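Order of writing sets the labels: A, B, C, D, E and F. Residues in every chain begin at 1.
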Amino acid sequence: MDVSLIASNVLSPPVLFFFLGMLAVFVKSDLEIPQPLPKLFSLYLLFAIGFKGGNELVKSGASQEVILTLLAAVMMACIVPIYTFFILKIKLDLYNAAAIAATYGSISAVTFITAGSFLTELGIDFSGYMVAALALMESPAIIVGLLLVKLFAIDKQDGDFSWSEVLQEAFLNSSVFLLVGSLIIGAVSGEKGWKVEEPFTQGIFYGVLTFFLLDMGLVAAGRIKDLGKTGTFLISFSILIPIVNAAIGILLAKAIGMPQGNALLFSVLCASASYIAVPAAMRMTLPEANPSLYVTAALALTFPFNIIVGIPLYLYGINLLWG
Amino acid sequence: MDVSLIASNVLSPPVLFFFLGMLAVFVKSDLEIPQPLPKLFSLYLLFAIGFKGGNELVKSGASQEVILTLLAAVMMACIVPIYTFFILKIKLDLYNAAAIAATYGSISAVTFITAGSFLTELGIDFSGYMVAALALMESPAIIVGLLLVKLFAIDKQDGDFSWSEVLQEAFLNSSVFLLVGSLIIGAVSGEKGWKVEEPFTQGIFYGVLTFFLLDMGLVAAGRIKDLGKTGTFLISFSILIPIVNAAIGILLAKAIGMPQGNALLFSVLCASASYIAVPAAMRMTLPEANPSLYVTAALALTFPFNIIVGIPLYLYGINLLWG
Amino acid sequence: MDVSLIASNVLSPPVLFFFLGMLAVFVKSDLEIPQPLPKLFSLYLLFAIGFKGGNELVKSGASQEVILTLLAAVMMACIVPIYTFFILKIKLDLYNAAAIAATYGSISAVTFITAGSFLTELGIDFSGYMVAALALMESPAIIVGLLLVKLFAIDKQDGDFSWSEVLQEAFLNSSVFLLVGSLIIGAVSGEKGWKVEEPFTQGIFYGVLTFFLLDMGLVAAGRIKDLGKTGTFLISFSILIPIVNAAIGILLAKAIGMPQGNALLFSVLCASASYIAVPAAMRMTLPEANPSLYVTAALALTFPFNIIVGIPLYLYGINLLWG
Amino acid sequence: MHAVKRIEVLADSVELTKILAGLDKAGIIAHTVIRNVVGRSPGADATQLDNVYIIAFCMPEQVKPVIENIRPVLNKFGGACYISDAMEIRSVRCIASL
Amino acid sequence: MHAVKRIEVLADSVELTKILAGLDKAGIIAHTVIRNVVGRSPGADATQLDNVYIIAFCMPEQVKPVIENIRPVLNKFGGACYISDAMEIRSVRCIASL
Amino acid sequence: MHAVKRIEVLADSVELTKILAGLDKAGIIAHTVIRNVVGRSPGADATQLDNVYIIAFCMPEQVKPVIENIRPVLNKFGGACYISDAMEIRSVRCIASL
């Protein structure tokens, strides 16, 4: 594998600040980014990528490539939770298996954004409509995860949740809502809207991402001490499954004929796991599952793995295949 | 009326995000912008328009046009609460009538800023000293409103407030203080000061406004369920009075000979109602009045009306008159 | 002394907003910048100067000038608390003397940044590695102050603190950690990293500083009412010692042969006192000392003095000497 | 000045709406919510970042129905509820819990 | 360890200065204020976003004067005040409420 | 429903870790922390901006060991601790303080 790829990922400011955040926890520095500042950064990032993505989506139009990409995205968001569920059921009970499966079927917007920055730094193009793929992949896994519970619950009284609440959580949670809303507004407001928003949505974007990853480093490292309770099965799962999901994503991307930049983003979407929207939905709808398990796996293992190793690794694989 | 005017207003990102915020409440999304983030945005907006306005005020100097405009502004801020008070007294008691009158005599800085963005998008010029008009129109209505209570209170023991507290609230509340302070500093610090501040005060201005209007949409929609208690009288009032006030403002602007951009901003100042500074002052000085009435009218009705319909409507009227 | 120097300092937006903040407290305006917004600004400023300093440090390399400057910085950070301790012991008890000495041996990053902005406005160059001097001067005074307590405590049971906790507080407190971390990342991430971060770390820097100084004005003025309890001795100390420290710093800078810009920043580091990191460390390790004394002296007197009078005064001295 | 009961509920923020609904159903409209409270409990392994602390002062006879409404929520999602005594100094302005 | 009274005041944030002045006048200097508390009451129609929650532990004999100072403020601007019992474990360092 | 004790600690935020350690050592794992609380006390001259308010409900017999653990911290760094009575409505889900 090309060492320079890892280097140029690891030496980029956002990833370095992610390390710095983790280091702060390990050396017990009192560095913290108090709430609601991380909330501000994440609202900003969703707003900015949504707006930009929508703006570019209009320019690209609805070609066959676009439609195939979005279909592949929805497909992966539905299939990943199914096969991960059966893997997880080997060692875990129904509720935890379903909740973790839903987590890995959904996506992490920050991982996606970091991959985008990585591509920009390397000078590799990618399409704005990938943000639409991101938006489409957030919710389906929640539904699939809960359907699995309904199917496999022996005691039919268990896992009783109202479907209206589930749909609400899946499609109208703040992340999905803001992202889709910004996407549509970005599409509607056109070139003139883009120009006035640009210094805000584009200019300071990279800096805010850097700051946010500093916080993510703090949060992820704070979760690492919970790994003991997680067990080796889940630890292996959270490193291996992203690679598997990314590989499937890459093959699908090749089959569809995505350009390399889009293929990386697509594989990163498949590989990443949700640590905000899905956990929130699971707490409401599957309170029987243990948040420590699904949040820790997604946040303390899969997220850092993707940010540090995964992104350059998947690009390496893509470079090999696309040749 | 020119449909393209409404379209270019409604399709601008700030107004679209205002809709998005309202929509979030209607569909019960959990999207929220937690405090003190909205506070940050509003401090920033006051700082930025004050600083810019002061900077431009110095360049324009104190011509007759400037002086007449500022006089007209103060005049409207004193007269509007008087005639609205008598209209309100038809249906409401003394305290509520006075509090609502004060609210409508004062202004909404965000409505003003949105109108400014609208003009910028249309390529219509306006003068920096309009910010001085904005600053001058914030406070007088508070004083006038309380004078009306003093005059009309039968039981003289009622409506007992200390005038020093009233003046404090009127002229030193944080909005007025920061706006006037930034205006003066903008005027004093000149071209050199402007240059270094510009990427902050100008560059990201439009983006912050957009974000802030998202929050305003959330807040305004959250208030809409209180409209039931408000009654049809107050509902009609909060839609019709802005139009009346704007019309008077436009005629005055024409009489003075303001250019079209300034005329729009002036009419928007007349038409808008305060939902931050005046309500805070009223809670302190007229606790007998019901905040649900004056906040809801200004925030859930007049504010959205002006942002969506009012601004293009008033410009349409101005375009007709100025021909 | 050159009046234009004071004028161009006092008329710069950050200093004017500092005045505005103080004024708000004096006239009892309710203007406030609620937490954690000031925290956001200070995290941002440390991140931005660290990142920029590290970036420039790499370019300048480790010349003899750099090494001498950094040695001088560490030396001053160790010596200042020693002689100020003996001055303070004249009137104060051991614990308060040591805590205040530590405060003045350390530095104020915001004073440093304001001096940097002042130089930029005047078009005077300074080196990025001065940020390394800043970083090196934060911690030593904490250690020196506590060593003095250990040496002079008669009742050896008193002043019992764990050294591991002290070292933790001194070298891993959030300010030092973020600054040093950003410095290293700035150095590592090179030209490419700088370019993408630039609109965030550089573009809006001055504006954020301005906003932060508005808050500092509020906070400093809020402390002024505590000056009564501080006594004339400490009041005189907090005005005179900065001048003495700056003078020593200037002579040292001249001896080493620093360019004028660096000399100003160095003298400002010597003259400034810490009101965040050291006070936090003192509360933990010297709870016997009274925070009202050391925070008030550093924040309500020395900080405004340096910002308003000190910076131009020291530059005036430097201009004379460098001639 | 008359005797009232203080009801305190400590729970994950996702339960807030459900608990307030439980109060409402028992006729307790007045309440105060403190958000962004950090907590730990033997039940949850990790530190919970987003808890809420709900306080409601009510008439003694309202306690029983409230508990009946809230207990199922706590049973399902976790959290704790505590009852204690207090004296109320009510302003004449409102008629809350009189 | 000795018996004290806990005074809790829930009110709109505009009343804060006035209520603290009322405590001060009754000789109660120590207090704790929690801001940004969200509340509802039958008196106010809408959810109040900017309430404060003031807690002060004091000597039993200070309760009466405090109530006299605070009641007019609550009568004018709304809010509620509650009194309950507690035991104080005071550090030797301060002489508060001894 | 059974009787418990409410322990409330008001202190400077630098003491938080030490106080939670004191609770832990006495076997009290469950607690709730409210940060960014503003306070004043006759001990400190100025208004303290960064206090914490710690609440823990525990078994009556845990009170004594907790006080022994916390008192030295309060003696050194300041702060106050209050004990009062409450009834616990525990969910069946957790076994906290049963």
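Here, a residue touches a chain if its C-beta (ideal position, glycine included) is under 8 Å from a C-beta of that chain, and two chains touch if they have at least 3 such contacts.
Predicted model, so just to flag it, every value in this text is computed and none were measured.
Trainee: Looking at chain pairs B-E and A-B, which one is connected by more C-beta pairs in contact?
Mentor: It is A-B, judged by the count of C-beta pairs in contact.
Trainee: For subunit C, which other chain has the most distant CA centre?
Mentor: Centroid comparison gives D as the farthest chain from subunit C.
Trainee: Would you mind pulling out the distance in Å between where the CA atoms of subunit E average out and where those of subunit F do?
Mentor: Chain centroid spacing, subunit E to subunit F, equals 19 Å.
Trainee: Approximately how many whole Å separate the CA-defined centres of subunit C and subunit F?
Mentor: Each chain reduced to its C-alpha mean, subunit C and subunit F end up 36 Å apart.
Trainee: Between subunit B and subunit C, what is the gap in Å from one C-alpha centre to the other?
Mentor: 41
Trainee: Hunt down the residues of subunit E that sit against at least two other chains at once, touch-wise.
Mentor: 34, 36, 76, 78, 84-85
Trainee: Any chance you could list the residues of subunit C touching two or more other chains?
Mentor: 35-36, 40, 199, 203-204 - these are the residues of subunit C that touch more than one other chain.
Trainee: Could you list each pair of chains that touch one another?
Mentor: All chain pairs meeting the touch criterion are A-B, A-C, A-D, B-C, B-E, C-F, D-E, D-F, E-F.
Trainee: Can you name the residues of subunit B that touch subunit E in the complex?
Mentor: Its residues touching subunit E are 35, 223, 226, 229, 280, 283-284, 287, 290-292, 295-296.
Trainee: Please output the residues of subunit E touching subunit F within their complex, sorted ascending.
Mentor: By the definition above, subunit E touches subunit F via 1, 4, 6, 29-35, 55, 57, 84-96.
Trainee: Give every residue of subunit E touching subunit D within the complex, in rising order.
Mentor: Those in contact with subunit D are residues 8, 10, 34, 36-43, 51, 53, 67, 70-71, 74-76, 78-85.
Trainee: Enumerate the contact residues on subunit C facing subunit B in the complex.
Mentor: Residue list for subunit C touching subunit B: 11-13, 16-17, 20, 23-24, 27-37, 40, 117, 120-121, 199, 203-204, 206-208, 210-211, 214.
Trainee: Inside the complex, what are the residues of subunit B that reach subunit C?
Mentor: These residues of subunit B touch subunit C: 35-36, 39-40, 43-44, 47, 51, 168, 172-174, 177-178, 181-182, 185, 188-190, 192-193, 196-197, 199-201, 203-204.
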